[in-house]
Each structure stands twice: as structure tokens, then as C-alpha cells.
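First subunit A sits with subunit B, and in the next complex the same chain sits with subunit C.
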Partner chain A sequence: MMRRVPALLTATTLLAAATACSGGGSASSSAGTAFDPKSCQGGTLYILNQTSATDEHFDPARIYTSGGGAVPSLVFRTLTTRKRVPGQAGTTVAPDLATDTGTPSDDARTWTYHLRDGLKFEDGTPITAKDVKWGVERSFAPELSGGIPYLRDWLVGGTDYKGPYKGRELDSIQTPDDKTIVFKLRKPEGDFPYVATATQFTPVPKAKDGGTAYERHPISSGPYKVQTHVQDKSLTLVRNPNWSRTVDDQRLACPDRIEATYGLSAAVINQRLSTGAGKDADAVTTDTDLSPAELARISTDPTLKKRTVRGQFGYTNFIAFNTKVKPFDDVRVREAISYAVNRQAVVNAVGGSSLAKPATTFLPDQAAFGYQPYDAFPAGPTGNPAKAKELLAQAGHSNLTITLAHRNNDASQDGPAVATAVQEALKQAGVTVKLQAYDQASYRSVQTKPSTEPGIFLAGWGADWPTGGPFLAPIFDGRQILQDGGNYNFAQYDDPKVNAEFDAINKISDPLQARPRWGALDAELGRQALTVPLFHPVYLRLYGKNVKNTYLDEWRGSYDVAMVSVK
Partner chain B sequence: MTLYLLRRLGSLLVLLLVMTAIVYGIFYAIPADPAVLVCGKGCDGGRLASIHHELGLDQPITAQYWHFLEGLIVGRDYSSGPDVSHCAAPCLGYSFQTDLPVLSLIAQRLPVSLSLTTGALVLWTVTGVALGLVSALRERRLTDRLVTVFVLGGLGTPVFVSGLLLLMVFCGWLKWLDFPVYVPLTEDPVGWARNLILPWLTLTILQSAIFTRLTRTGMLETLSEDHIRTFRAYGLPERRVIGRHALRGALTPLISINAVEFGAVLVNAMLTETLFGLPGIGQLIVQSSNNVDLPVVAGLTLTAGLAVVLANTAADLLYAAVDRRVVLT
Partner chain C sequence: MTELVAEIGDPGAAVSGSPARARQVLRRLRSDRPAMAGLVVTTVLILAAVLAPLLAALEGQDTTTFHTQLLDSARGGVPRGALGGLGAEHWLGVEPTTGRDLFARALYGARISFTVAFGTLVVQLLLGVAIGLAAGFGGRWVDATLGRLIDLAISFPQLMFAIALLAIVPQSFPRPVLLMLVIGLFNWGGTARLTRGQVLSLKSRDYVAAARLSGASPARIALREILPGALPQVLTYAAILLPANMVSEAGLSFLGVGVHPPTSSWGQMLSTATTWFRADPMYVLVPGLSLLTAVLAFTLFADGLRAALDPKASLRGGR
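Up next, the complex of A and B:
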């Protein structure tokens, strides 16, 4: 098993390199009539993926998405959703099942929503507030694990609630009438409308709920319903006759039918999309980006270049420190490593400047997160080993040897390529770095449990929605340190002042007001060298030559399948 | 013969017991916690404990193994939320990742793997024997040299390279074939075969190289034996000497080679399925190993172990049928 990944990676590179020699060949630019949302309906959209587009479970309680996801959002409508427009406005929230993005009261501890008129499930049954409440409640059942963790922490009584199947309701979700739903939170949460985009806010009819069996035929509230679904193999969606654009202004739902195939290799997906033969001309992918080798081919082929969306999902790759382990408890050692890192070498290791941007801030460089540029340890693009040596000498380390943990493959950009670049840079500063590789599954278990967490390791963090809160709180809020596993506060940093600032910003329900506060907090945390931000990845994704309206969805950094057309 | 089969059955049970115990042992030794993967990002301690309990991971590894064996013999009950569902014996449990019954997962994917391996087996046997035969009869001539080049190329090219090359040439450049998608044999036999041609060829290139070499060696060895010289001295036509007497002697070892090679074929089939996106057992092995999905890994170990033992038993029986000197005890 350990040898398989490099073997397939080699194969991927080989295919890309070989097809690069072919010069692309048959691809042509998107042809035909211009896109018109009024007449875009018709045809079949094909999705070519490596993994399932609906996670391991096609159950709204169990899916972990950002903004409702790509394919899940075609079947599951939520109280709110991401605004489906190009540009920065695409990082804001729009009403979906609800009439607005929510009314806060009691310092954003209470959020009230009213449902639109005319909402129906696929079988024609009206959607009520009780169905939304049931949908949220069932996501607390231990049998239906995998969804977002926020509700357990945020809703009053959420910590001990085990779901509705044993007959107990969650009193902090109230439904005074069929159209109104009220959420009572334990503390102020100005970002609640963003969380309400998650599929856990999908209505689920109690009468059709079979617990873990519900995923066999989840009841649609969106433009498509499930015709067939074989987990990890295929999914076919057809139109939901009880949905229309009059009750949904956020999805165009142009294709009549959507057929997804899973289990394909990345090299084959990109080859099929670029060749565009037959049905592949009407195809997209929701999980496969271009590799550095494939990018080399695309950049020399103007027709293929036109069929690429280049975007950035809010994500930061960084070096994590466990400050409970020596010598990383000493801020001078952490600062020395911050100075020594050669970001240019790291960016080159992941494919160059087209696929990554060097990072000196923990927040991604997008306005929605509250990004404010800063560099707490300015060392230029290639690092400052002399300054690093000086700090290490002050800390009493003349011949420091450390062990850097990393994943055993480069698919998540936290593998041997980046580790070797860091190792080489630290060598210039007199630090000997031993590398320790972990397999895919072990790596996450080891790093998220404080008792097994390495002293220094490569990590990455992506936002569940585009604001500063979900980006900073799990990593730096001391009250989120989890001893038994699932911990992302890798530094195990707990500062009451910082915790208080998190609480203060969470009270702000206007994202524009919250942004400068998140940016300032990021800069404050950056000065403490709790992490070394390395780069923000950039994603490039191909689409078939007949696919239209593939504008960049700024929330997720790719095209939006609810908006594309093949007609 | 009965004694032989009973003995084989006994050793099969012991082997499967040991194999699954080893899987549980490895699972216990590695640091990965499947509950963390199941629970998702930002999972708190209480939730994690609930999932440990749900998956039975809060029990000692010996108890977990015992429950696994218990499920195989008498079945088990599982909570599905509102209800409790019963998994009848032989129950391999439910996948940690997908909650689907392991037995049905395997049953669903078995036809894909069987389609791949059976078709490829026919192809590589025919190609390997034919090329080996030609090579032996044209020893040290140009044909023999060309076949040797093919053998070296086939043996030295991993399936993920040969498979990609085939895809590039036939689907990307020449466009003679669509990129393969698995179509069940029962739905569309022609589509089934058309979509499996490239995966079959991928496995055939490697395996037929092995067969070619063995057939060539076997033929040359048999042709130099006394009884062949005697047949020729009696004036038997060359075609009959080769086809009826020499080939039979040369092919007998290939039966056991197919059985011995079965394990390697499984590995290559796994890579082929992953490359071509065929939803077979091999792809399931990769997915379940990556996700530390113990019930699926244990179920697949049982299936693979069973298949290897059955292949070897079948080879022994065939060997005895072909070569009357072999007696099974």
C-alpha cells in the first residue's frame, strides 16, 4: 500500500508529460450560442470524479460542505445558501428556503427564520419549519456522524443532545408555527447565517427518515431528485417536478439530467476533459484539479486555457508547532524557523507560482476573511538563515536537531515535497531536520490528539465559510483544545485575552464590521509564531468544451454546478 | 480425494482465522483512529466517544475480533438510528465509512473484478502460449528475438504505465475507443467487452509475458526429451508431435503457475481497476485501506484468502486430471 501512491503519482505525471508532447490535439473552445439563463435548460451534464461528490453518505446530516457544496446543493436546499453570483459578492450569504438571511436578537444569541411560500419536497408534500428542525436534530445522532461540529457547541443543550430518535427534542430549536423556526444559541454567533448554508439545515420529513438508511433515497427539496445512487460508483439526478425557479432564485439548474461517475483516476479525468470526446464535452469535475505537469500542457494550448477556471478556496498550508513539546515551547526557536523558511522553494515544490501563493498571514488573502497583509518575520522570499542562527544562539541551540512530521504523499501538499524544501532551508540555518512520514489515515489521528501530536509538522486549514471566525477560532481559541482527538488548536494555545476577542467579534452580525477585527487578530496571533504560514494553494480546474456559464464561484474557488449549462 | 478435500477445508479455515487475526492485529498496532475519520473535522471528545461506542471501538481488540467471528457464525444486531437492524450470518459487519453491509459491498463489486480477471486470464493464456510456442519453434531466429523483446518489455512495464499508454493511444489520440466505463455483462454484453478491452490488454501484457517465457522454456525442455525423439523416429507428423505430445507436457506446469500467480494477479488487478476507474474489489481495497475501514478490510482479506486457496485447490485438481501420475492424498 505504501508503494502504491508514488507509483500512481508517477503514472499521473507520465500521462501528463506524454500528452504534453501530443500538443493537446482535438480540444476546441466553447462553441455554439451564447449562454442565456432563460433558455439554458436541457441536456445532460456529466460529472467525472475521483471520489463521491456527496461524501461517504448522501445524507444531509452527514455531509460536510462549505456553503452547501457542489452536488449536495442540487438536491438539498438549506435555510440560507451562498450567493450565486460572480465576483466578491459570491462570498456573501443569500436566503434559500428562508425569506432572509436571518434576524438576530439578544446580541446574536437568537436567530429567527421564516420560510418562503410554496416550498415542497419532491413528493409534493409542503416543507414546514418542523422538517427543518427534524433535519437539524437528527444531525446530532451519533449514528449520523460526519457533519459540521458547530451546532453541538453553539445550540443551547447541544453538547449533551444525542438526536431525536430516542424521542427527545432539542428545546433550543423552536417552531412556533409551520413557517417560523427559532434557534437559541449558548453564546453570540454573528456568523450563524453562514452556518445555515450547511446541509444540516436541510428539511427532512420525519415520516421518511430511516436513520442510516435515509441516504438510500434522501428526499429532495432542490431542483433535482435522486434516480439512482451507488455509493462510490455513480449518481444519476433527474428534475424534481416540485421545484421551480419561482421558489428558488439561487440555482439555475440548467441541465435536465446529471450523471456522475466516481472512482476515476485524476490523470484520466483531466485527459477526458481535455480530449472532450462524445459525452465528455458536456462534462465537469467537482474534485480534480490540474497537476503541475498537466498545467504545463494547458499553458501552451490556448483552447484548453480558455476551458480552465482558476480560483482560490480559502486555505492555508502551514508549519504547525506543538508548544508543549521542547524546543518549540521557546518562542525564539519558533521565530528562528519562521525566519529560516524559504517560501519560494516551498511554492516551487508544489508546482510553482501558478498553483500556490507564498503566505505570511494565516488568513487567506481574500477580503471576505478580513485579510490584512503583514509579515511578522520578514525574511524575503528565500528566508533569512543568518537571523535564524542568531535567534537559535540566543535560545542556546547551536546544533539543533528536530523531527518534522508530514504525510507520505503530496496529494494534500503536506507531503515529502514540501517537507524536503523545509528541511533544506533549515539546514542553511544550522538545524538538522529528520523527516517522519505518516500514512493518510494515521496522520490525521496523530496530529489531532494532543498526547500523540508531533512537535513540528506540516498542516493545512480551510474555511467552512469565508469569514475570519471559522479560520482562526478552531486553531487559536484555547477553549477549543480537545484532548481526546479532533483537536486543531495544534499549538495548544490558550490566552484569555484572545478568547475574549473571539467572543467580542462573534457578537458582530455585520460581516463588513467584523472583517477588520479578524484581520487585526490574525496579525496579533502571527507575531507569536504559533504557526509558520507557507502558502495559499490556487486551484485550476478544466471543464468540457460544451459547458457554459462556468464563472468563478468565489466562495468555493471553482465553477458552480448549479449554474452551468450544456445547452 | 475426499480426504484431500477435507484436509484442504481444514487448512482453509485455519488460514482464514490466522489471516483475519493478523488484520485485527495490524489494525490495533497502527496509530490511525477510524472514529476520527468518521466523526469529521472539529469533532469533540464526547462525540468521538459516542462514535467509538457505535463502532464498537471502545472494546478491547480481542472482543472486537470475537464479535467479528460471532457475526460470521450467528449474525449480529446494529443500531441504525430509529431501528435496530439484524445482519444475518455470515455477517461481515458494516463498513465504518459508508454503513453499508460488507458482504453486499463485496458482492456488488465481485462481478467487476471477475469480468476483468477472467477475460484477461483467457487472453493472457492464449497469447502467452501462442507466443511461447512460436518462440520455441523458431529458437534463436528473428521471431524468437522479437518475442523475447516483448517478454522483457511486458515484464518490465508496470500496469499503471502500460494502462496509461493504452488509454492515451486508443482513447486520447486514435479515438478508436471511448474511455472505459464499466457496463455489466447482463445489461450489454458488447458494451461490457468493448469497455474492458483496454483493462484486459493491460493485464495481458504483463501476465502473457510470464506465460510466454514459461511456455518457451517448457517446450524447449520437452522437445529435447527422449519420448519426443522416439515419436519423431517413428515418423509421427511434426504437427502431431508438437500439438499432442510436446505441448501437453509443456503446458501442465502452467496450471499451477496460474494458481501461484493468483496473488500477484490480484495486486495488478487492483492497480488496473484504480487506473481505469473500474468499481471492483481492487478499488474497494484501496479505499477501505486508506480509510482504516476495518470491517471491509477484514472482509476483503477473507474473500481474497478464500479465492487464493480455491484457486490453488482447483489447480491441484486440474493437475491431477491432466497428469495421471499425480495422486491427491
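Up next, the complex of A and C:
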């Protein structure tokens, strides 16, 4: 569901978080011969990361990924996966274990998949539909928590199901034969193929499943198997002899061996990649972007500049209003703030035009989300304080003082840097802004509980898969206002007509048809000034000098380690 | 050592207010070049901090206005031009990613540094002298109890506790005052121990015994007879505490628990500047050199003052 904003997910979803993707993402090759998928095999790829977020429990039930993740996707194949190509096509779904991306019926309430031929686990036993069913079912076990929340909500009977270990099956998953698996949902979900990319759709052989102990040696269905895994420190993968490109057209799996190191600081990772000494020449990172200061330095060094790739993950940083708190119940006040904001200053505060694009829409500017450009309150790049003053005067607020809540650090771009840029812009419009900082631990819980939610605060949102639904529904669907916490409908906006439109679009299983509807809905919501979109982050990443076929996939904005080569 | 010093020294001379003694101290201080240099620099810096609004107005800038047109947005928001955008408009350049004026921010940062350092000193002296006096003058049990309290204050893991405290207190509480209280509350142990030592050595002197025999109350003896004798040593120690307090404030601000944005302080500036040291060295140098200069100047002056007040030196008849 989200990526950075609500900090909580940040921890769990970080993996997904690899970030972004749209801009450049061109396949690039570095020194030596050009990249050729036919002869790219060999060598060891090193991954230098800050956290092991998704790999902390290397169990497919417990990993929270978007599109299958980076490292998990090397070991765990899923029914569908993200399409492994550069550019916007990388935001679409491709079949993985299945022969197609799924056949919907009953208004997208039933989804049927057929497994392809010749699939085997690392020990040579064939992969069957029952193994996939077992994999999904075990993700409901309370002791294997940590995965995506959607299955519990969507599958018939999912809310009360506690996993298969006590002998109970989930009847809404049917396996009429070894090659066929059918999912019965309690409501239409046209986006089901996107969710079937998650590691919860990985086959797990019942005979080898030791519950929480399974993570010590998860059985591979992908090109690599686990050799050693030291939690939070390192993970070493070697080739799975029972995998070949003939049964998998979505992974090149060039390196013979992959060694991941966790627990490094961002500065160290970027320093090691830029120096590229020894093994670091064969290294990439799946979770570390360039900081503004590093960008400023690298931009004067042509050789380093060449080893930088640009990408974007569908993400929007915005100002959130709680419309239950005065004066933000008054649309004129919200509009005034929308006019007053200086997006150029905000963009500079997070590192300038190379690291962020000014946003006037809530949806990220990528076709996959249904993006349609609009600017409901046109004020130019630096804001229109005069217009803001006029609106405030109309609303009877000539000397308005408000308190803007923000996080106490800038790591997720909702901290003091952005807050002071907003404060300074509103000062031009005669609004005095006091700043209220929250620490990492409390910020998410304070903002996601309506009883403690500030009136105005800095927030951000990213979706678990690239379509309009997961981007808009948690924020604007009135039935998703959660009084006890975990609420992302910050405006506490509840319009039956809008809710009905969400239901209607969820019945559409063709993304191309759904897109214009999401775009139109976003534009309509934008006119009500429920949020002030500020910017869409852009990600710049370095890679080691021997690494080839480096592009940031546009689903997650991260290197696809299944596609890079070090030879 | 301080006890020894007081015993060797002439008890009468230790009492401040003796004109001959004061002249001698001044003369010695004046001939101490490093100390005088420290005094001059300190005075200039304090004047600059006091006159910050005036100086910023002279430059035509303030601490909060963004100058986005001075930044190279495509290059991470680094200031355009050499030396961090230094020029006639911005005397020390501008801050990366915001374009706020560094001269104004450093000046106002000095105000925070000095205010917090002095305010903290007041807290330290009040607590330290009161507790030290009570320990030295009170009975065996009072001394033992307070002595352990002083040990505790000195050995306390103050940084962690300060960070926790600064994180808990509501943000509406004035931040500089809070910093004074927090740094002061954890750093009075040295002053207390020094005061106690002075008191112990002074209270066996003849003039104190005379006062006691003439029927003076214990409070009167403590405040009128002993305290004045202990003060020079304490004040010398205070001069050394001052730069240490500045470093403490900078440290806490550096860790992000100091003043709140958009207020500037040297520690806060250093904290945001560290990642920029290669791309925009000016941004690090401005707060870094300011802090270095101020701490060095204060320390030189304090050291000179200590030497000038040292009675041992007067026994040997020279500086």
C-alpha cells in the first residue's frame, strides 16, 4: 500500500521501496564489451544495502514486496511477476509460474491460473498447484506474519482463516488438478494479477515446511538457492541446478553467485560504489539513492555521471489536511494554502530538480497509474501569495496562525527541510506557520489515528503496485476511514458517489480501460483541495563499473538484480 | 590541587576586593598575549552576536528568506558560483537547497551559542556552589550524602539522558531555556567539588575561627567569610566551563535535539552541512570555523585568567 510516508510501512515495505522508476531507465552498459544476454553468465554480483528489511525473515510468507521484490524474486517465483523490461512496459504484469496473467470471471471475483510445464523445485520435485495453494495458505498463519494484507481482505473466508497447520484448508482456493488453481474473492478486484506477483504466491512444498523454521532453508523455485543467510548481515545465493531459462522468460540470472551485505550506511554505500575498488566494481545497491550533496559532487565528474541511472517509483509527497479540524474544514483555507505553496522551494529543499518533480496531481506522472495532468489551483512554480491572501480574506482569516506537523528528520522527505520551505511560502501569504516535529516512531501512529491526527501535516504515498486503485483508494475511499489507527484517508473524506466509482473501477480487469477512469477521478478529487500535492521524487543510483544491463525498473525504481550482469 | 593552592596562598589575598591583588592580577593578565588575543576575539564575537539584527540589516539579508534563484537545482541545489555563492549580496554565501543567507544565519547562530553557554553557566554555578558549600560546611553525614550526589552527577551518562529529556519536553517550551537547563543540570558536579574543596580548606583558617568565636551564625560564616574566599577559583573554573557549554549546545543541536527550525545555531548548521563538505566546503567552514574560533578564544582567555589568579605564581613573584 504505501511506501515512505507512513513510516511504519517504511520498515516493512522498504524492500518494495526500492523506489522508483520513470524517467530515464535506459539500459546502459559500462566498460568492456557490450551486454549480451546469451553470454552474460558468470562472476559474482555484490549487493550493498542499508537494511535487510524484506529479507530479515527470508520466508516467502513473511516478505512484503512490490512486484516480487529484488532479492526475493531470485529465489521465489510467483504466479505472475513484473515484466522485466526497461521503460513504462516494466509497470505491467507478466506470467511467471502461470501460463498467463490470470483469467477473470464473475466480474473479476474469480481468478483462474494454469501452471506452465517443466517447473521444478531446487531438489528436483515438480511444482504443483497444491504447492502454490499451500504457500498462500501458510501466509495466513499468525506466526508467519509480515506479508501483504490484501489476501486476508479479498479471499472469501480470509478474515477468520488462521493458516493450514491445524489441518484446515482455505476453501476459496481450489486446485481442480495439479496444474490449475482458482481464487474466489469476496468482491471484484481487477488488479488481482498485480497482487499475484507477491511472494505469498510462491509454491512451498508441504513436506519441507517447518513453519517458522522454513526460513532457514526456503526451497527455491527460482534461478538461485540460498547458500548461507546471516540475519541482518549477509545473504549468499548460488545457482539452482533445476532452474533454466527454458522454463523462465522473466529472469536472465547472469551472475553465478550473488552476495548481499546489509547494515551499511548510505554514505558508505555510495562512496564504495563511486570508488569501485576490488569487488565493489561488481556491486549495486537495491535500497540507496544519491543524496543532494552526493549528486552535487558527482555531477562534476563525467565518469561517475556515466555510472548513474535515474528512475522513479510511483510516489507523491503532499500536504495532508484533516478536514475535521478548523480552519481546514473551510475549502477556501485549503485552496489558499494550495495557491501559496512554493513548489520550487520545496523541490530544492529535497535536492533540486534532479531528485524531485513538482506535482500538481495526486497520481504520479506515469501512465500506469492513469495519470492525467491537471492543476486545480494554478499558481506557477513559486506560488501565488496574493491570490492566497484574497481567499483567506474572503474566509475571514486575515491573521491566520497554523501548526504544521512534520517528521523530525529528512530521510523520508517529510521533515524540517520541506516544512521550513512551506513555512516560508505561507509567510508571504500572511499565514504564520508554527512547526511541530514528531519523531520517527510516533509520526505514523499520530497521523493515522483520526483522534490524534494533526490539522495539517506533511505526508507521502506510494502504492504497492502501479495502478490507480491502490494509489487513490486508501486516501479517498470513505469506507477506509479507520478510527482505531492505520487510517490513510487523512482528509476523512467520505462521498458515496466517489466510493461507488471505486467499486465500479475495481470490476475492470483490463488496466488500459481502468486508467482513464482513475485519472478522471483524481482530477475530480483534486478540485476539492483535500491535499496539496508537492512533488514526485526521482531516484538516482550509482552502480559498480563492471556492472551491465543496469536499468531501474519502472515498477519499483530499483535495479532488477535478476537482469544485471558482471561479466 | 586546588586545596593545596589555597593553603599555600595568602588567605587574605584570596579574598576578592583587595585592590592591590586586583591590580596584580590585571597586570599579569595584560601581559599575557594569548589571553588578551582571546579576550579581544571574544569581545568582537559577543558584540557581533548582540548586534546581529543590525549587521544582517547592513548586509540586507535575514535568516529565513529562501533564494532559490541562487541555487543550481539540477545539481542537488548547490549554490551557484564559487565559494558557496559568496559575494557582495551574501557575504559568506548561501545555504545549499534553500539559498538562505549564511552570514545572517551564522550571526544569529552565535546568539544561540552564547546565550545558551552563559545561561547554562548560571545554572551550573547556582547549583554547584550551593551544593559544594553545603557539602563543605555541613556535617559529616551531609558531606557524605552530597559527596555521593556529586559523584553521581559527574559519572552520569549525561548525553543519553539529555537527548531523552529534550525529546520528551513539549515543543512549546522555549528551546534555548530548555537547553540551558538540561546542559546545566548535568554539568554542575565539577563546580560543586571545587567549591567543597575550597570550603574545606578555608573553614579551618584563623579568620573563620575568629568569626565563629565572635558568635556569627553558620549561614553568615558560609556566605560572608568562606564564599568570597572560594569565589576566585570558582570563577576561573567557570571561564573554562563556558566554551565547554558551547560545545555541548553544538553537540546536542548537531544530534537534532537542539533548537527547532527555522532557528539557526552553529551545531544545527554543522549537522546539516556535514554531507556537503565536498560539494560546498563553505557551508561547513562557516559554522565550523565560528565554533572553533569562539571556543579557542574563550579557552585562551580562561587559561590566562587562571594563570593570573594563581597564588603560586605570586609567591614566586612573577608570572
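Just so we're on the same page, the second predicted complex is superposed on the first by the 534 of 567 C-alpha atoms of A that agree within 3 Å, B and C clash if a C-alpha of one lies under 4 Å from a C-alpha of the other, contacts with A are read in each partner's own complex, and residues count from 1 in each chain.
The definition used in the following text is that contacts are C-beta pairs under 8 Å (C-beta built on N, C-alpha and C of every residue); 3 or more make two chains touch, one makes a residue touch a chain.
Source: prediction; values computed, not measured.
Of the two partner chains placed around the shared chain by superposition, subunit B and subunit C are both touched by A:Ala267. Looking at the shared chain after the overlay, A:Gly87 reaches neither subunit B nor subunit C.
In the superposed model, A:Gln483 makes contact with subunit B only, not with subunit C.
In the superposed model, A:Asn409 lies in contact with subunit C only, and not with subunit B. Looking at the shared chain after the overlay, A:Asp439 reaches both subunit B and subunit C. Once the two complexes are overlaid on the shared chain, A:Arg138 sits against subunit B while remaining clear of subunit C.
Contact with neither subunit B nor subunit C is seen for A:Gly396 once the two complexes are overlaid on the shared chain. Ranked by how many residues of subunit A each touches, subunit B and subunit C are led by B. In the superposed model, A:Asp153 makes contact with subunit B only, not with subunit C. When both complexes are aligned on chain A by C-alpha atoms, subunit A residues 267, 439 touch subunit B in the first and subunit C in the second. The residues of subunit A lying in touch with subunit B in their complex are 1, 4, 7-8, 10-11, 14-15, 18-19, 22, 25-26, 56-57, 64, 138, 141-150, 152-153, 159-160, 162-163, 165, 209-213, 215, 230-233, 261-265, 267-268, 271-272, 275, 277-278, 280, 438-442, 444-446, 448-449, 452, 464, 474, 480, 482-486, 488.
Those residues of subunit B that touch subunit A in the complex are listed here as 30-51, 53-54, 79-83, 97-100, 108, 158, 160-161, 164-165, 167-168, 171-173, 175, 178-179, 181, 271, 274-279, 283, 286-287, 289-292.
Across the complex, subunit C is touched by residues 267, 291-297, 299, 342, 344-345, 347-355, 382, 408-409, 416-417, 419-421, 423-424, 427, 435-437, 439 of subunit A. Considering their complex, residues 64-66, 68, 71-78, 96-99, 167, 171, 256, 260-262, 275-276, 278-280 of subunit C touch subunit A.
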